[in-house]
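Before I ask anything, let me first share the structure, which is written out below as structure tokens.
The letters A, B, C and D name the chains in turn, as written, and every chain counts its residues from 1.
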Amino acid sequence: MIQFTPKDPDFEKRVQDSFARQKFMTFIHARLNKIEPGFCEIEIPFSENISQQHGFFHAGIIGTVADNAAGYAAYSLMSKTSSILTVEFKLNLISPADGELLIGNAHVLKYGRTLTICRSDVYSVKNGIRKLCAASQSTLIELPEHNDKRN
Amino acid sequence: MIQFTPKDPDFEKRVQDSFARQKFMTFIHARLNKIEPGFCEIEIPFSENISQQHGFFHAGIIGTVADNAAGYAAYSLMSKTSSILTVEFKLNLISPADGELLIGNAHVLKYGRTLTICRSDVYSVKNGIRKLCAASQSTLIELPEHNDKRN
Amino acid sequence: MIQFTPKDPDFEKRVQDSFARQKFMTFIHARLNKIEPGFCEIEIPFSENISQQHGFFHAGIIGTVADNAAGYAAYSLMSKTSSILTVEFKLNLISPADGELLIGNAHVLKYGRTLTICRSDVYSVKNGIRKLCAASQSTLIELPEHNDKRN
Amino acid sequence: MIQFTPKDPDFEKRVQDSFARQKFMTFIHARLNKIEPGFCEIEIPFSENISQQHGFFHAGIIGTVADNAAGYAAYSLMSKTSSILTVEFKLNLISPADGELLIGNAHVLKYGRTLTICRSDVYSVKNGIRKLCAASQSTLIELPEHNDKRN
């Protein structure tokens, strides 16, 4: 994996604050496990509330964890006065997300002046055994001088 | 749009039942607006619980509505003894999903023996004005003789 | 389809000139069929040179026509001093591209200040019968004050 | 990377034969550099014929090398009586493909009964220096008892 030097030495706190402002993360009990320059890991414990018709994690939740991990991996590298938006993401669902925990991690492939490209891997953990359940690739855009907080 | 003849005349009830079994849909107050052969529309009212850091609909929710509409558009055409899984989807976020309602609709581009391809459009509605906020393209797989209900 | 007003009244000539500078288009005998504000159609006649192992159009050629049509649909709307690059594209191959001609057309879904989103449809024509063989969705970036000609 | 055991001990020859049947590969002077179980590397030397308007490798060629490497990485694992088709691929163009050589390699993330998921990385080489210029993620389908040769 590439070694990145973050522009903002306080990137960790900035990411944690932004994550905490995402009400949806609280609603689904998502936790920010790890944030490093160009890397992020988020996990979500299983609950019936976020399941699909077979009782597994819903694909929408899998997309959420893949996209959000990518967003914060990218955001860790950005200037402290920038905000971030997802341009697009593409997610392959690889095996049923059956288990007690969902873990998504993402790393930055390229941090560009405007656009950042990330890859995410999502794992389901069942009885402690971790299995790749989804993989994604995404594009993020840095909005300079744009407050990440609510308007 | 292509005219499809569903294999199962009771496709509407079958889709509604499957939708009702998705606990995540209930949790976020999603409603199945319309189901026709090869077409589906789902809507989700705004609530703080499903918002991101700027107070808009979270990208994960936008992905959810795009993916789920595609899944049920495809499922409407399938045999009554088949189940369905999303293989992959790709979502472009086009404008901030700011509003009181999110509407996702999907139509089938190709219904194949194994794979089905769909396109989805997602709209945010603010003060009654509808605006395209996301577009996706996805691949679904039909699992013959596979119960759609929980194992 | 959305009606767009191009910033550059000479967009048609600008697109034709750029297309003519793409040596790869000449090499595979691609033709720019139609260019309108936010829309482009390109076609490529079949030849053994661009076939895959089953004797059909190669997927790389299908991706080329989808991407290039999207690029010029977007470029038609841009300022005359801008250049364009593809950020990403996602292509579904829907049926074997078996025939004497490949036609790709693309339209702009959203023309933004920095990013433009397009959808493309690719058709194979066999014995005069046109069939959808691929569908794509792509993201393009406008580079202001950037010469489209070779450096 | 995952270690795979190919079903067909003669996978290398089978891949080389299929590659040789793709006329488009010959036309653009592509070479199959390396084939291992679940891995493939293809390279293409620069020529004017495959360039875009700025004189770099055309995005269609970059997509071709990413898709083809993925296809053969997947095909290396398949039964000797199977054929393969690309279902879809998504490609991010990360930096201008400026150089004397384009190298695409792909590895299998998941080899499934019907579908296989791969990731590809594409590098441009300029004055001997290798730089990531594109990244893709793709889905392939195995067609059992289906001749890979021309009908």
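Brief remarks follow.
FYI, contacts are C-beta pairs under 8 Å (C-beta built on N, C-alpha and C of every residue); 3 or more make two chains touch, one makes a residue touch a chain.
Since this is a predicted model, take the numbers as computed values, not measurements.
Annotation: A-D is the more contact-rich of the chain pairs B-D and A-D, by number of C-beta pairs in contact. Of all chains, B has its CA centroid at the greatest distance from the CA centroid of chain D.
Put simply, the C-alpha centre of chain A and that of chain D have 29 angstrom between them. As a whole-number value, the distance joining the C-alpha centres of chain A and chain B reads 22 Å. With each centre defined as the average position of its C-alpha atoms, the distance from chain B to chain D rounds to 32 Å.
Touching of two or more other chains is recorded for residues 87-88, 90, 92, 139 of chain C.
Those residues of chain D that touch chain B in the shared complex are 87-88, 90, 114-115, 139, 141. On the side of chain C, the complex with chain B involves touching residues 90, 92, 94-95, 109-110, 112, 117, 119, 132, 135-137, 139. Those residues of chain D whose C-beta lies close enough to touch chain C in the complex are 18, 21-24, 27, 48-55, 58-61, 63-65, 67-68, 71, 83, 85-93, 96, 148-151.
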